[in-house]
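Below: the structure, in structure tokens.
When the chains are written out, they are named A, B and C in that same order, and each has its own residue count from 1.
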Amino acid sequence: MDLRAKSRELLESGAVKAVIGFKDGTMGARRPVFVRQADKAAALVFDEGCRQNLAAYLTRNEVQKMGRVAVAAGPDTLRAILQLMAERQIKEGDVLPLAMEGTEAVELPTAQAVEEHLALKAKELPAADRELLARLDAMTREERWAFWQGELARCVKCYACRNSCPMCYCGHCTMDCNRPQWVPVPSHALGNLEYHMVRAMHLAGRCVECGDCGRACPVGIPVHLLTFHAEESVHRQFGQRAGASSRLDYALSTFRPDDKETFIR
Amino acid sequence: MTDAFEPKITAFVCNWCTYAGADLTGTSRIKYQSNVRVLRLPCTGRIDFMLLAKAFARGADGIIVSGCHPNDCHYTSGNYHARRRWMVYRDLMDFMGIDTRRVTFSWVSAAEGARWAELVNEVTTSVRNLGPYAEYKELALAGVE
Amino acid sequence: MADTYFLPQASLDTLFAALAKDGRRILAPTDRDGRSELNPVTTVAEVAKDYVQTILSGKETVFPKVERMLSYDLAPGKVDLKSSEPNARPTVLFGVRPCEAAGFGALDAVFNWDTRDSFFNARMAQLAVIGVSCTRKDDACFCTSVGGGPGATRGSDILLTPAEGGFLAEVLTDKGRAMAALAPEAFRPDPGLAKKVVDVPAAFDQPALTARLKYLFENGIWVEQSLRCVGCGACAYVCPTCVCFDLVEESDAKAGQRLRTWDSCGSHMFTLHASGHNPRETQAQRWRQRVYHKFSYYPERYGMLGCVGCGKCTRACPVDMNLQEHLAEAAQA
């Protein structure tokens, strides 16, 4: 069923209290919208411009208080929903994912339905990101250092990357731990390096590779490559991907006795 | 290389194996290079990756991380967890351009006093050859007006 | 009354060379890797040709994102306090838009409201602004709704307005005259050029909005508007008038420093008390604070607005919080 009609139906029947989707924004952009009345569903749109990972809203207090919500979801949002379930941040029945096929919305009421739907979608990083990752791989270590120092010098620590990430739901982020201060607050060179290092490590094995952190960055740092890289490292070495299942064990809180590495002496 | 440079090596070791191993090095009267500062933690599972970053930020030129051999962890699986984390963190460090030659991970048991001495000597020599970790030291001053 | 001249395009390099020779750093919009940023330049060729606005504002020149206030060495029983002077270099900010130039007034209002901030003032004294009027705009722009304009002179020491073959140059202040005097040959007599700038239609009635805000504190629009806000600091950090800062002590056993860094009222920690109580607990309250600070508290306290309508926040926002649109909505609420 068409997203607008489906949303109207869900809101009218009281099956959900809100539909989180997209509507027209400024300068051709799409922006997230919370539709809570059936007669507002006509504002909903869904197209290639709707790239934000709406799963980021599902763990917010304000949204959890609303009751059951539906989410107009592309594959990355669905992966994030499964990962949030695996991390026990949302319950299966509390969220109704609407898988988007064009403007058609398909209800996926169970985690299993989401998993089956996703099984048909291959995860592939965008070509531009693959290119940049390959370019970084081909660099010498010194060049990579220079690249990241040049990029991170632009960081103003607005935390748009963190706050737009569906997996950064911690009520008290380690960045905010200040008794004592663990990671420096200022966006000087050391503060920026440590912040982005922590962010990437805390997302390793949890990042669904939606790239929202990079799109959110106001100064255009490709911060998403850091989490992509960490996630790919987990996938390559431990053979699992975040967002694949609602019952996934966190790769870094488990182990296999025969995990293979080449560097420990 | 300047003759005067003596690297600062920070070693994060677990209480049960490597620390005891290093103790054995001492009680066995084995002489080894004195560049290393040992920090004892309960288990390699407790060695947060940020401790390594903090060591560099505070001026370490090289780092050793060491604990019990696989299957020998006092807490059964702390070293296995640690190993996974190192596998990812080492990858990330390299991706960010951090010099992973300056970070040595190893297993040293309580019985391997001689091995500890050997490890410290090797690491000290190799970091001495790499020179001071100038790139990281410059960070501390950059980005402040 | 401003002195107006004609500055031929080719003479701009003469002016740049003269400014550099005088020991001044020139910061100008550049377009590197598709990012519109302020960077040091020495020639006009390095300046971006086609930009509406830079991402960050020029406020960094007088209010850096990280600034050392003092530093000290520690020894047993002894603190050796080193007074830290701001590292203020003679700087020319070239090519900023009239909206952004006006933003320095809003910074000044806060930094010199009570205690005069010596760091800000030292940097301000070293700064000269050569604004360039707008011949382009985008949908985020709303300078005319907040008392500015695409050719407004406030905050610029010299304002250049593109004209056939060069610029109409308005030399506005003593700092402007001092710069012009470094390259007198560049400034030709004004042949009576018309000042042509882009048209920016007013989007809302600001005095009405400010008056209306008195009655909107408990209105539901703040909740509705901010549901999608992710609570990052992008809007505050790109803003040319946001002045909030945090003071941070970084020290170890041997030495330490006190740093001033940007802060943002959108962050949940901004008002968090040590007791755990947070007077602005929800994002809606924090979004409302942002609007009220700029459009109600600023006029009340300083007799000016805390917004210049540059639209940088709208462009930077990851979830398209369009300030102009939300203000227009509030004015109607």
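Keep in mind that, in the parts below, a residue touches a chain if its C-beta (ideal position, glycine included) is under 8 Å from a C-beta of that chain, and two chains touch if they have at least 3 such contacts.
Everything numeric in this text was worked out from a predicted model, so none of it was measured.
Undergrad: Quick one: label the inter-chain contact graph as line, ring, star, complete or other.
TA: complete
Undergrad: A-B versus B-C: which has more C-beta pairs touching?
TA: Between A-B and B-C, contacts are more numerous in A-B.
Undergrad: So what's the Cα centroid distance for chain A and chain B, whole Å?
TA: 34
Undergrad: Measuring from the mean C-alpha position of chain B to the mean C-alpha position of chain C, what distance in angstrom results?
TA: 46
Undergrad: Which chain B residues reach two or more other chains?
TA: Where chain B meets two or more other chains at a single residue, that happens at 143-144.
Undergrad: Multi-chain contacts only, two chains or more: what residues does chain C have there?
TA: 66, 259
Undergrad: Chain A: which residues touch two or more other chains?
TA: Residues 186-188, 191 of chain A each touch two or more of the other chains.
Undergrad: Report the residues of chain C in contact with chain B in the complex, numbered from low to high.
TA: Residue positions touching the partner: 64, 66-68, 86-87, 252, 257, 259.
Undergrad: Where on chain A does chain C make contact in their complex?
TA: Checking each residue of chain A against chain C gives 25-27, 29-34, 52, 56-57, 61-63, 154, 156-160, 162-164, 176, 181, 184-188, 191, 212, 215-216, 218-220.
Undergrad: Residues of chain C touching chain A in their complex?
TA: 33-35, 37, 55-56, 65-66, 138-140, 223, 227-228, 230-234, 236-238, 246, 248, 250, 259, 261-262, 264, 267, 269, 282-284, 314, 316, 318-320, 322, 325
Undergrad: In their complex, what parts of chain A are in touch with chain B?
TA: Those residues of chain A that touch chain B are 136, 141-149, 153, 182-183, 186-194, 196-198, 200-201, 204-205, 226, 229-230, 233-234, 237-238, 251-257, 259, 261, 263-265.
Undergrad: Per the contact definition, I'd like the list of chain B residues that touch chain A in the complex.
TA: Of all residues in chain B, those touching chain A are 49-50, 53, 57, 70-71, 77, 80-81, 83-92, 94-100, 104-107, 119, 135, 138-144.
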